[in-house]
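Look for chain A in each of the two complexes below; its partner is chain B in the first and chain C in the second.
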Partner chain A sequence: MMKPFEYFRPTSLKEALALLNTYGEEATLLNGGTDLIVRMREGHSSPKAVIDIKHIEMLRKIKVTDSEITIGACVLLNDVGSHPVIRERVPFLAQAALSVGSKQVRNRATCIGNICNASPLADTATPLLALDAEVEIYGEAGVKRIPLKDFFVFVRKTVLKQNEIVTSISFNTNKDAKGIFEKMSRRKEVDLSTVCGTVFRGKDGYRVSMGAVAPTPIRLYKTEAYLDAHDLTEDVIQSACEVAVNEVSPISDIRASKAYRQELVHLILKHALSEWL
Partner chain B sequence: MKTEIHFTLNGESIEHEVEVNKTLLKMIREDFDLTGAKEGCGAGECGACTVIMDGRAVNACLVLAVEAEGCDLLTIEGLSGDQNELDPLQSAFIENAALQCGYCTPGMIMTAKALLNENPHPTETEIKAGISGNLCRCTGYKKIIEAIQSVADQNKA
Partner chain C sequence: MKFVGKSVKRVDGVKKVTGTLKYVDDIKLSRMLYAAVKRSPHAHANIISINVEKARALKGVKEIITGDQFERRGGLYLEDKNFLAVGKARYRGEGVAAVCAETEEIAQNAVDLIEVEYEVLPAVTNAKEGMKPEAPLVHPDLGDYHWAPVFFPKPGTNISNHYKLRKGDAPEIFKEAEFVVENNFYVPHVQHVPIETHTAIAQMDADGYLTVWASCQSPYAVRQALSAAFDIPLNKLRVLSPAVGGGFGSKAGTTLEGIIIPFAMHAKGRPVKLTYSRQDEFENAYVRQGLHAAIKTAVNKEGKILAVQNEFIWDGGAYTEYGVNIAKAAGYASAGPYDIDNVWTDSYCVYTNHPVGGPYRGFGMSEIHFGIEQNLDIIAEKLGITPVEIRKINGMKPGGTTGTGEVVTVSGLMECLDQVVEDIKFYERSEPSSPTKVRGKGIACGWKAPSMPNNAASSAIIKLNEDGTAHLLVSAQDIGQGSDTVMTQIAAEVLSISPEKITIKTGDTDHTPYEWQTVASRITYSAGRAVYEACHDAMDQLLDLSQIKLGIFKRDLELRDGYVVSKIYPDKKVSISELALGLNFEDGSAIHGPIIGRGSFIPPNIRNADKKTGLGDHPVVFWTYGVQGVEVEVDLETGQTKVLKVASCFDVGRVVNPQLLEGQIEGAIVQGLGTALFEELMLKEGKVLNPSFVDYKIPTADDMPEMIIKFVENPEETGPFGARGVAEPAMVPSAPAIANAIYDATGIRLNTMPMTAEKVLAAMQAK
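What follows is the complex of A and B.
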């Protein structure tokens, strides 16, 4: 049973921020709730004030321009996965969104929630890192944008302050860019990633990101630099995979050993690059 | 602490006072005696608590009752029509013997209902992916998939 709390349903960001300021550390934002409600029931989280942001209309939209897509904080994972423009321009993000949990979970859970939880294996984090996405944050000082790569700090920790709210995530799209997402898990559906990753090739070069191989989802800059400096051949792919394996620092846990995860990093990168040979 | 919420439950307009720390599943079962939706895992893994909220299948154990404000809720009890005739999915589960202990059945049928509303002609692969959030420990899923497929085939006819 969850401990009692006060429940608020603000309809504007300003109102939500005022509540965060009033209740301080004892307040928590409620978005999809698929993680929070489990944590509250298990006693890992016992907020005095639960601030449900889903009734803030502007947070529920996906905005599309010729060169940018912006996903609002309360957009559901299933709606990211089924959005026609996202499927057309960045299919690997749609695929990642649809690889989280079950259909029922994705009908409540949001993409921004997946990011703000800051799990090392957040499935939507690697495509968004590879897209050089930016997180928009609303707080006392107004609105700021920070790169997603600077947003994650550690397992379940982000730079977000107690009285700040993530309002959206944005990224540029370019029709010449390609990306491949792959999730390796023990079973095909409704499982956490053992390792997940995105390999992206744009006009500025490669971007490679992996999840569940470090305390946060990470970019593999050395691997990217190696790939940018070489034309793609089978030998280059093999060498790039070796660079990647040395660039990650996975742990052994119930899902896999460190060595197995390193092998999966190798495979994810090899699978993707082989598509572009 | 209680708060008043308004929603539609199986077609009926409801005004209800509910504890804010109660899940939607508990409210449906305890306050309305609709015990079709079950608590299996309580963590969004098993799907036994699946209900349809504004047309979408959700795990009622992962939703606060107060979040139902303004929503249209459908539970297994609301599937049959006014004359109590069964929904085609309910009939298909009986005809195909798609259940044994029955614990997962209400959730499984509600998931299938939402799936067929969204995609009236799913392939077998789509059915399998569609019900992947619902665990059944008895049947081995084969008959469940056949039951859903048979309704999908009726949709085609």
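What follows is the complex of A and C.
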């Protein structure tokens, strides 16, 4: 049962930060709330102060330039998935965004929330990792950018400090680059990934990322290096899949066994690479 | 016929689609109190002490009860259950104490403050292990319990019922048979997952008169159980079930009602409410029992089954007050819808330290058919005949005998089989959607009888109003299946007035007449028959008065469109509104008074089977037969199965409402599909590992196959207009048909449900 809490609705980042400083560890940010409210109802989280950032106007925008896309912290997953430029330049990110939960959930849930929640199987994490995305963080010292790959620390843990706010995530786009996202789940709709992954090929080489195969969504650097060093053939694909399977460290749980997850890693990589053969 | 056989619109439709129908949880009474339950964290543990002092000290706590205050056991067929644990907890989640407080939050906080000291006992977490003599006993005092004499508990063991069926001489046949096939199957626990969780409110007035609002399928059964448990006479106990958001059997008995009644008794008129969370639903309501099945079949080279020997071991959970009947029902249906001369079956209901097993749509039948129907395909393949041929050879036809030795007079099984073979295009192949996918088709038959006491009764009252409209009173509960509409249609047909002129009232033991239970696919048949009788009674009264009024013999009169009309001179008529309050004469006098029709029904001549052999000439009211065919596509890379198409055909006796019936069949197919592919209550040391929809998956709209739904109508002699039940039978063949289709597609045979992608892939790789 949910414990009582104080609810705040700041309209500026400065105001939000002041509240975080006031309440310290007892404060939590509320964005879409699709994770937080469930956790609060089940008693896993009992904050004294809930700071709703959805009304900070600047966090609700998607900014597009010729070479970069920036997704604000409060942009909904459905809005990421339906954005024409995102669909055109990075369709695999749109696809990943639309694979989260149900349409109703995606009308509340945000892309940044999906990232900050730091689930090992965050669906939007693998395309953003593959895009070498950067997270913009606002704090006492002002604004800083860190690579997404350095953002995740462990299951549900990020480098984010208690008095910091992720304001957006950005990545470069290049029309020659291609990416493929695939999600494997027990049920096609409204399910968590058993394994999800993105395979990306740009002018500087391959980037491969997988979810639900380690404590955080991960890049598969050895697999990338192997692919970068070889021309794509069926044998290379097979070998790359073997490298990938050895590079991940999935666990067995009620959703799938370790062996099945390894099987799916193999399949996701094979499916993507075969498209480019 | 005017209304029967037509897709009359649901009488509860507008309220449901507008969200205005009031369910129990919507009821807000003034000064309501709330209950919460302290639950055992152990699967099996003696309760050493319960300290409620801290909880009692919390502001807003009204009362705390513990199990030892209510030692009287209850139960439908075997009295083995208390509303709160007495002495020891037998499953993880069993209530050991309960709190009543001013708010839900205070009640929950108080529960957290209750301190319970346990002595943990070794747990029985596998029914087969639980049968062994060295297994810990879940109910050491079983011998002291009361049970209905048609059940056979074995005190000193965990076996709460050993059902035996001995027809012919199976052991002798096995010695000489040309082919003997033996297979084992396992069906895990699943949960009903009704949209509305269990909920109840209880309120006692100063006279000691108790009112209970419960989301339940069977208000009269709840009234009886609560009356026995709390020594309240039936005339001082009213159970209301205003609306039910899905039951599937989980609301057939009592679950949480008994927890709040002790509070209501002391609350000086204040109502007390308890609503289950979804987690409670998975852990603390009913679940479908697990089944270990071993099926051995002797067959000759022409494909005729000579004998079967079955062993069913049911994982009944901590209490089997209802579960014993599941073992029995599975036992007497164990031959399946086949005409077999020699049948030997042992069906054991076994106590374990698992969640409480209970009735679930078609109880026993879906579980045993998962084995029966796969076993049959295995035999057919061995003999080199098709799945259709083996079913044609052995399938039940009129004149055949059931496993219990009853001679069958009505069975449309062969017609259903032909229809499904045609609709699913069983002998044709279709192209897979990708080179890494394969397609296959499977077929399965199924049968089911209402699993109920022989004397399960129904009644109905119809009251005519002075404007020619009517009120129909029954206690058959519309739990989503559409019974309110079907009862209204039957009344409309007999009285020859439109359904809009009839208002149906249900679910109030003070004001609507007796109904045994809304279970067993018996409502259209049994309650429908009571409505039919009640309306005939009203008609009889109307015709009596019309004889006098019109001067025409009763035999020449009939009801037509709101009038009593002469069959010979149709212009001679009198409106039923004119007769509703009696017949008035010209001198101002009147006779008879208001027309009230009364109907009562008990299925005729159902007799107990022989205790030793299980044989009987008429042990069940009827059998419903049907067939499903399925086409699947299996992904060879991931192992994922997609059900593309399902063709279903059942012999329903008479279609009362085609649209509602299709809805029932569609729901059954999808529920069967869910259990076949996704659903399993994952249990580890008695703990439910997936008590939420995050990890307990049921089908979504995306998983719906194309469905072709047909019916055969061989009338049921005692059913209203020939109708018999089909709500549960429709689910019975779904899972095995999918299993057979997966085999057809991939050549792998899975002996356990659910057939998840991971299991299918592993089996394909192991091949």
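FYI, the second predicted complex is superposed on the first by the 276 of 277 C-alpha atoms of A that agree within 3 Å, B and C clash if a C-alpha of one lies under 4 Å from a C-alpha of the other, contacts with A are read in each partner's own complex, and residues count from 1 in each chain.
The definition used in the following text is that a contact is a pair of C-beta atoms (placed from the backbone, for glycine too) under 8 Å apart; a residue touches a chain by one contact, two chains touch by 3 or more.
Everything quoted here is computed from the prediction, not taken from an experiment.
S.K.: Between chain B (first) and chain C (second), which, if any, makes contact with A:186: first, second, both or neither?
M.R.: After superposing on A, A:186 lies in contact with chain C but is clear of chain B.
S.K.: First (chain B), second (chain C), both or neither: which does A:37 touch?
M.R.: A:37: touches chain B, not chain C.
S.K.: Of the partners chain B and chain C, which touch A:264 in the superposed model: first, second, both, neither?
M.R.: Only chain C is touched by A:264; chain B is not.
S.K.: Between chain B (first) and chain C (second), which does A:107 come into contact with in this model arrangement: first, second, both, or neither?
M.R.: A:107 sits against chain B, while chain C stays out of touch.
S.K.: Classify the contacts of A:254 with the two partner chains as first (chain B alone), second (chain C alone), both, or neither.
M.R.: Touch status of A:254: second partner only.
S.K.: For A:222, is the partner it touches chain B (first), chain C (second), both, or none of the two (neither)?
M.R.: neither
S.K.: Check the residue A:5 against both partner chains and state whether it touches chain B (first), chain C (second), both, or neither.
M.R.: In the superposition, A:5 touches chain B alone.
S.K.: Name the chain, either chain B or chain C, that contacts more residues of chain A.
M.R.: In the superposed model, B touches more residues of chain A.
S.K.: First (chain B), second (chain C), both or neither: which does A:87 touch?
M.R.: Touch partners of A:87: none, neither chain B nor chain C.
S.K.: On chain A, which stretch or stretches are contacted by chain B in one complex as well as by chain C in the other?
M.R.: 1, 188-190
S.K.: Mind listing the chain C positions that touch chain A in their complex?
M.R.: Within the complex, chain C contacts chain A at residues 104-105, 108, 637-638, 678, 682, 689-690, 694-695, 697, 699-703, 756-758, 761-762.
S.K.: If you look only at chain A, which of its residues touch chain B in the complex?
M.R.: These residues of chain A touch chain B: 1-7, 9, 30, 33-34, 37-38, 40-41, 50, 52, 54, 78, 101-105, 107-108, 188-190.
S.K.: Going by the contact rule set out above, which residues of chain B touch chain A in the complex?
M.R.: Against chain A, the touching part of chain B is residues 1, 3, 19-21, 23, 42-45, 47, 50, 53, 56-59, 61-64, 66-67, 69, 111, 114-115, 129-130, 132-134.
S.K.: What residues on chain A touch chain C, complex-wise?
M.R.: 1, 184, 186-192, 254-257, 260, 263-264, 267
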